[in-house]
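This structure is in structure tokens; I'll ask about it shortly.
We call the chains A, B and C, going by the order they appear; numbering starts again at 1 in every chain.
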Amino acid sequence: MPDDTLKAIVEAALAAAGGALSVERILELFDDTDRPDPAAVEQALLTLQTEYRDRGLELVEIASGYRLQVPRRYAPWISRLWDEKPARYSRALMETLALIVYRQPITRPEIEDIRGVAVTSHIIKTLLEREWVRVIGHRETPGRPALYATSRVFLDEFGLKSLDQLPKLSASDPLPSLAPTEIPMPLALDQGI
Amino acid sequence: MDPLPTPTPLPPPNPSPIARIHGQAFHNIPQDLYIPPDALEVFLESFEGPIDLLWYLIRKQNLDILDIPVAQVTAQYMAYVELMQVSRLELAAEYLVMAAMLTEIKSRFLLPRPATSEDREADPRADLVRRLQAYEQFKRAAEDLETLPRLGRDWFSCEVLVPDRQIRLIPPAVALEDILTAMRDLMKRVDLFHHHRVEREPMSVRERMVQVLDRLSHGHFLGLEGLLDIREGRAGVVVTFLALLELVKAGLMELVQTTPFGAIHVRTKVPQDNAG
Amino acid sequence: MPDDTLKAIVEAALAAAGGALSVERILELFDDTDRPDPAAVEQALLTLQTEYRDRGLELVEIASGYRLQVPRRYAPWISRLWDEKPARYSRALMETLALIVYRQPITRPEIEDIRGVAVTSHIIKTLLEREWVRVIGHRETPGRPALYATSRVFLDEFGLKSLDQLPKLSASDPLPSLAPTEIPMPLALDQGI
């Protein structure tokens, strides 16, 4: 077998194997009739190692044999091949976000009251981790539930200067009021200004 | 029903028989179409059905469709059908349909026709010929596809290791419209069950409520004047004031006035320890 | 970014991807700040294609983009890396596939009509699971049979850029014994029964 053919087979085997190959394992790819010398395989590996220098792949020798791999310096780019993109947020999460956006500050029990179902901790955690939502205090009711509001990150990421710029709920959209009572007369306060 | 004739295998010039029955090799489909019942399983696997069998007979055995000994074929097919009823009923039915079709073709040739007939009948074989040709076309296409190189058999993909591989989680994108839609859907659903009072308020009040809470988040007192920014003008002052009232109403904040006509202070509501 | 670095990243990505990468997908590996021109990526791909000529790997363009793969000529050796032999498909399956390839979109009854036998659910299931075939709709006839067509995976795995590259459907040879269109006199035939 010509040296070039042997080298090509070794290269192909290393690339397709997805892991390390020992010289013995490489020799097993050949029939008894065309099996090369172990020395010839070693020579092919050395040549490949030289040829791959300064390229997008490198041939390294490790305990279990030889491995073709991506040099570490390119890992930041190549890793992005496996970026995980969850398809979409659940309806539960989107409704929770919408309530925090339009009814802030709001507590989890209040969200649950409107939605009629429990809000999972996972949803709150996701919104906090995404930094769209933050805790701005606690309501002084039993359990001292956290008060959620949107953050500056939320405004920035959605290109808003202020919450006023949010799309308006149209007049036909009924808004549930959490505490539908009349605004008390500010009698006790008016001389304060 | 006619007794079935004995199988008459041809001498074996071909080293790979299509079937082997009781140690006896069958290298060709016998000319008389007879298939020993024991060979049925092998036979069914060798051919893809009646069209495939007919194609084989015509192409490889130079069988003339018009020469098919119909009575014999029918008798044999009926025998197979009985056998096949156990396992491959649908295939049996398909062979039966083919036998019926061949019989029909044959019978139409045998019927005398008036010599003066003006409207010449279509060749009764035409439909069968079309089917056989269409079948042959795809039989060849399948053979071509089989010889095309294929990933995993003729080509192999590379899967080189990436050391230090980090997997990032890219969160899904959300548009403002998605939030609005979620809110609208929710409101519609809620409205089916409750008749909440429709209350409209400018978002700016809600935003200001959050800002006020932010400034007071450490439980500090703050003078009312400190919360009002004169530079915002009358509208700004009103918004802050409405926000304060909402916060008081919601029990999030209290206003404290220590002396009559003294300064009003604002603070977040203190937890009521031992309230009960 | 220097041309050599770009070429190395493209090479590394193709070798690590385990499948085809489109130019768009390659561009996504970069940050907004260091993203190259699409033309520069195309140039890198062309250079790599030339460099890999006569080696153990080849760079081919297929439906989904570019794929670095072991050329067919080394398959006899490389296939020995795995104990498991590649799946062999029955004639029935390949004929069903051929009908879907050349007559798409096509329904199961239509396939059965041409093949003259029932198509087993197993065959359809295998083709769908292999992702060579997909359901693209339903024919509005009684039973609403599914319409089958080939997929991008089919093109990729058969190394095609588009269906145009498939061998043309050969015109069928005339069947000699059936050739006469004239209806022969029945006299000559009666000894057949």
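Quick note on the criterion: a contact is a pair of C-beta atoms (placed from the backbone, for glycine too) under 8 Å apart; a residue touches a chain by one contact, two chains touch by 3 or more.
Please read these numbers as outputs of a predicted model, since none were measured by experiment.
Farthest chain from chain C, judged by C-alpha centroids: A.
Nearest to the overall CA centre, using the mean of each chain's CA atoms, is chain B. The distance from the centre of chain A to the centre of chain C, each centre being the mean of the chain's C-alpha atoms, comes to 33 Å.
Centre to centre, using the average C-alpha position, chain B and chain C are separated by 18 Å. Computed from the mean C-alpha positions, the centre of chain A lies at a distance of 27 Å from the centre of chain B. Shared interface positions of chain C, defined as residues touching 2 or more other chains, are 12, 15-18, 57, 68, 70-71, 78.
In chain B, the residues touching two or more other chains are 156-162. Within the complex formed with chain A, the residues of chain C that make contact are 4, 7-13, 15-18, 21, 28-30, 54-57, 68, 70-71, 74, 77-78, 80-81.
By the touch rule above, chain B contacts chain C in their complex via residues 48-52, 58-59, 62-71, 90-91, 94, 98, 106, 109-112, 120-121, 123-126, 128-129, 131-146, 148-162. Residue ranges of chain A in contact with chain B, taken from their complex: 12, 15-16, 18-19, 57, 67-70, 72, 75, 78-80, 82-89, 91, 94-95, 97-99, 101-105, 114-116, 130, 136-137, 139-141, 144, 147, 149-150, 158, 160, 162-164, 166-167, 169, 171, 173-181, 183-184, 186, 188-189, 191-193. Partner chain A is touched in their complex by these residues of chain B: 156-172, 174, 176-187, 190-191, 193-194, 196-200, 202-204, 206-207, 209-210, 213-214, 216-217, 224-225, 228, 237, 241-242, 245-246, 248-252, 255, 257, 261, 263-264, 268-272.
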